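In the part that follows, the structures are each spelled out as structure tokens.
Two complexes, one shared chain (chain A), two partners (chain B, chain C).
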Partner chain A sequence: MIHNSDMTLEVQGLSVSIHTRKGTTKPVNDVSLRIPKGKIIGIVGESGCGKSMTARACMGLLKPPVKIESGRILLAGRDLVGLPESDMCAVRGSEISMIFQEPMTGLNPVMKVGRQVDEAVRVHRHIPASKARQETIRMFEAVGIPEPEARYNSYPHELSGGLRQRVMIAMAMICRPALLIADEPTTALDVTVEAQILRLMKELNKAGTSILLISHNLGVIAQVCDYVYVMYAGQILEEAEVCALFDSPLHPYTRGLLESVNSLRREEPVLETIAGSVPDFLHLPQGCSFSPRCGQCLERCASGEPPLFEPEPGHKVRCHLYDKDTSRI
Partner chain B sequence: MRQSFLRRLAESVVILIGVALLIFIMLRVVPGNPIEIMMGEHANQSTVDRMTAELGLDKPIYVQFFRYITGALRGDFGTSYSLGKPVSSLMRSAFGNTLKLSVSAAVFAWVIGILCGVLSAVRAGGPADHIFMGFSLMGVSMPVFMTAMVLQFFFGYYLHWLPISGSGSWRNFILPAIALGWNSAGAISRLTRSTLLDVLQEDYIETARAKGLTETTVVLFHALRNTMLPVVTMMAIQFSGMLSGAVITETVFSINGIGRLSVLAISGRDIPLLQGTVLFSTAVVILGNLISDSLYSVLDPRIRREA
Partner chain C sequence: MNRDKLLQLMRENKVAVLSALVILLFVLAAVFAPFLTPYDPKEMDILHRLSGPDAAHLLGTDEGGRDILTRMLYGARVSLLAGVLPTLMSMLLGTALGLLSGFAGGVVDEIIMRIADVMLAFPSTLLAMLIVYTIGGGLTGVFLTLALVNWAGVARVVRAETLRLRGSVFVTAARSIGVPQTRIALRHILPGCIPTMIVLFTLGVPSAILTESSLSFLGLGIQPPATSWGLMINQGRQYLYTAPWCSFAPCVAIMLIVLAFNFLGDGLRDALDPHLESK
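This part shows the complex of A and B:
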């Protein structure tokens, strides 16, 4: 396949499997993502649908019994799947960085935060400690940490959640990676801090970093993303430009998600929630994984898994309702 | 931090005086006249009376206690009934041997214990894990006297590599150090392993990996320090236990240490000697706790600020 040089990261047909005594599950099932240079791409989905697993696969952070079953992860054209651990270490933190959901527990409690950020530069670029310190303080300033020199010597427990997340972002950005993966970066923060952090991420994006933003919050996705993937039970159910997705959602699942947000916004009693619950990966339904909860379920939804259809250019959906070959309906 | 340390220090002194008082009273209410034991069965009554007066044992107990404490503060713990020497000089020479034994046993336990614990944790479930944990389980479950005798038989009697008993040269201390240290090595390695396994699940370990650090760096520089928090406490407490006299090890290997001195004091109903050794052991254990608390706050910045 010819590599598209406009892509920072391209995930092709990624499947992740977990082998346990109870059986083998596939929390990520044939997922393909494209992250073009300079864009913010979102993944949205309910808890447990495999968002973090996808992100950790891209970072090469999966540990047995979790492993990549098949697929390719192309970073600037180079496949990361099957790369030796030493090569992967050189990629992590330098070409791809990741920030996590929990700023409260994501920093080492017994190390000064400045030292923890320093370390990220010093593993990848062999520069003296004093130089690394300067860079850290510059980065603290860039991510909006007040009194960066003083904060350098703080321990994590002395900082607020918002400041800690800024430290995490500084740590992730200090080597100027091509891609930043942000796994629910604001879920643990309150609304005002969330807005600040999202603004910061947009600034970083303007400065040239592509971002993969993972969230279960559609509001967050709508605010910052250019293009969105909707994930459900390990699969991409729908993908589109952010406006297209919010203006004309196609998949019944996406519609349900948007309805529940809208009814919350109108402060009506929540009528439009999606019935049923997320399926257990060990007992996935036959056919379309959403079919048991779907209001528009067709006969064949329960038997055949739908492929990704593209009813409008750039807007894809995994649902039999959009099969142009109507003779089969 | 300093304030809390001073408060702990004051508490320690109070505890020490309390223990001294308790020992003092207990040793005087148990039946049996120490003077009669000291003089033998056929001593005549007037000699016993004279000795009693000489040693101040006819005075009320609070006077005796006051005298004892003021003496102790000057380093005078009385004279041993059975050995006829000042308790302080007996304890000083015994402590030299106990110190040698404890330090060598502790170094053995710490090096082996932490090494086994870390290697087991990073290879959890693998053959190395099973071997090291088997070794540790033997250490914690075998009684020290049995380990000691097996070591004596094998390395001393059978292979003639090392002396079986005595405390003359450093070679005398190798087998006792292993016998005494294996036990705590086992406990340390098990605690290190389980704590490290927990720590490796923490979010900040994932953050460290995401920076691009190698797994070795992650374990040694990020996980180990957090793992050591509870382990250091255990090490300090074990070490103070050893310093206060390893009775069994010292007895089996005929090392003239604090432990053996206590046994001697008990069997000889040697009240001054027993008071001295018990008080000493108490002081060492209290000091060990004090040091482990201070170490904890050095290692953990969260406690440093709160205190």
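This part shows the complex of A and C:
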């Protein structure tokens, strides 16, 4: 396939499998993502739908028994799948970085935070400690850490959650990677800090970094993303520009998600919910994985897995309702 | 750590400072033994055998008429060395193997842990006999035995710590910025094991002192007329009713040094743990 140079990362047909004694599961099933340069792409979905697993697969951070079954992960045209660990080490941090949900545990408790940020520079660029220190302090300033020189010598427990997340972002961004994967970066933070962190991510994005933002919070996705993927049970169910997705959701699951968001203007006393819960990966339903919880389920939803249809340009949905070939209904 | 902080820590933990002083005192006493006593530790004086404490012999004399205080001072050399040196050796070996085992996993882990199982299941006295018969008795045999017996326990604990730390988010975060595995092991995981290792060390030293004494009792360790505290206790055992001071003094010495090491270990662990430091 000819590489599209406008893409920072392109994931093609990625499947991740876990082999256990009970059987083989596929927490990520044939997922394709495109992250164009300079954009913020969102993945939204419930807990356990495979969002984080997809992110970790892109970073090459899966540990046995979890492994990539098939697919390609193209970073600027280079396939990362099957790359030896030493090559992956060179990619991680310098070309792709990741920040995590838990700023409380994401930093080494017995190491000064400055040294931890230093490490990224020193590993990738082999520069002397004093220069690395300068760069770290400059980066602390860039991510809005007050008194960067004093904070350099702080231990993680001396910082607040918001500051720790800023340190994590500094650590991820210090080598200017082309892509930042943010796995629920604000879930553990309170809303005012969340707003600050999201603003910071937007600034980083303006400075040229593409961002893959993973969240279960639709509000966060709506605020910062350009394009959104909706994931469910390891599959992409819907993908669209952010406005299209929020204005006219197509998939019954996406509609259910949007209806179950609380709103200040809401009048009904009871919040909508989606009946049922995420299926067990070992016992995925036949056909469409959402069919047991779907209110508009057709007869063939239970037998045939729907492909991705594109009812409007740039808006794809994995649902039989949008099959133009009505003869099959 | 700067000086003010150190002083503050010392003020807060007086027991640890006292313990360190006790240990220092014992070490100095062992080093300067010849200058502290007019007696020779090996010279017999049958006329004054088993005499109680008096002005000439502060702690009395043993069954050979030798001054007990003098023998304690010289015995401290062996006992302290037998406590510290083999424990350091087994810590070094155990930590290296435990770290490797926990980090490499798979076959390497399996092999190291099965060897450790064998070491733990093997009676240490039998191992000591094997070593003594192979390389000869005395200090070297005792030290080697103590080191070989204790590394397996250390390896186990360090491996468990490694596994715990390896699964933590900060290790994943370090990997996600491209830190290679060996650097993660040495810079992120090893420092996390240090508080545990200090505790292991302070438990290991007294247990090594005790093991040395039991080996010496069996004739596998220090050979008379040289002595160690353990050997002195055992030699005084027969006179417990008639001359209790023979065993009493070395017993108190062992108790003091064991307690001192334990308290010092607690103090050091508190001082090195940044979580506790903030309190």
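The rule is short, and it goes like this: the second predicted complex is superposed on the first by the 320 of 329 C-alpha atoms of A that agree within 3 Å, B and C clash if a C-alpha of one lies under 4 Å from a C-alpha of the other, contacts with A are read in each partner's own complex, and residues count from 1 in each chain.
Note that a residue touches a chain if its C-beta (ideal position, glycine included) is under 8 Å from a C-beta of that chain, and two chains touch if they have at least 3 such contacts.
Given the structure is predicted, the values throughout are model-derived calculations rather than measurements.
**Q** After lining both complexes up on chain A, report clash or fit for chain B versus chain C.
**A** They clash: once the shared chain is superposed, the two partners overlap in space.
**Q** So in the superposed three-chain picture, is A:Gln296 touching just chain B, just chain C, both, or none of them (first/second/both/neither)?
**A** Neither chain B nor chain C is touched by A:Gln296.
**Q** For A:Asn262, is the partner it touches chain B (first), chain C (second), both, or none of the two (neither)?
**A** Neither partner.
**Q** With both complexes overlaid on chain A, does A:Ser70 touch chain B (first), chain C (second), both or neither?
**A** Neither partner.
**Q** Looking at the overlay, what does A:Ala90 touch: chain B (first), chain C (second), both, or neither?
**A** Both partners.
**Q** Name the contact category of A:Glu158: first (chain B only), second (chain C only), both, or neither.
**A** Touch status of A:Glu158: both partners.
**Q** Per the contact definition in the header, classify A:Gln286: touching chain B only (first), chain C only (second), both, or neither.
**A** neither
**Q** Show me the chain A residues, by the header's touch rule, that chain B contacts in one structure and chain C contacts in the other.
**A** 59, 61, 85-86, 89-94, 97-98, 100, 102, 105-111, 116, 119-120, 123-124, 155, 157-158, 168, 171-172
**Q** Could you please specify the touching residues of chain B with respect to chain A in the complex?
**A** Residues 202-204, 206-215, 217, 222, 225-226, 299-302, 305.
**Q** Mind listing the chain A positions that touch chain C in their complex?
**A** It is residues 59, 61, 85-86, 89-94, 97-98, 100, 102, 105-111, 116, 119-120, 123-124, 155, 157-158, 168, 171-172, 175 of chain A that touch chain C.
**Q** For chain C, which residues count as touching chain A in their complex?
**A** 168-170, 172-181, 183, 187-188, 191-192, 194, 273-275, 278
**Q** Please output the residues of chain A touching chain B within their complex, sorted ascending.
**A** Touching chain B from chain A are residues 59, 61, 85-86, 89-94, 97-98, 100, 102, 105-111, 116, 119-120, 123-124, 155, 157-158, 168, 171-172.
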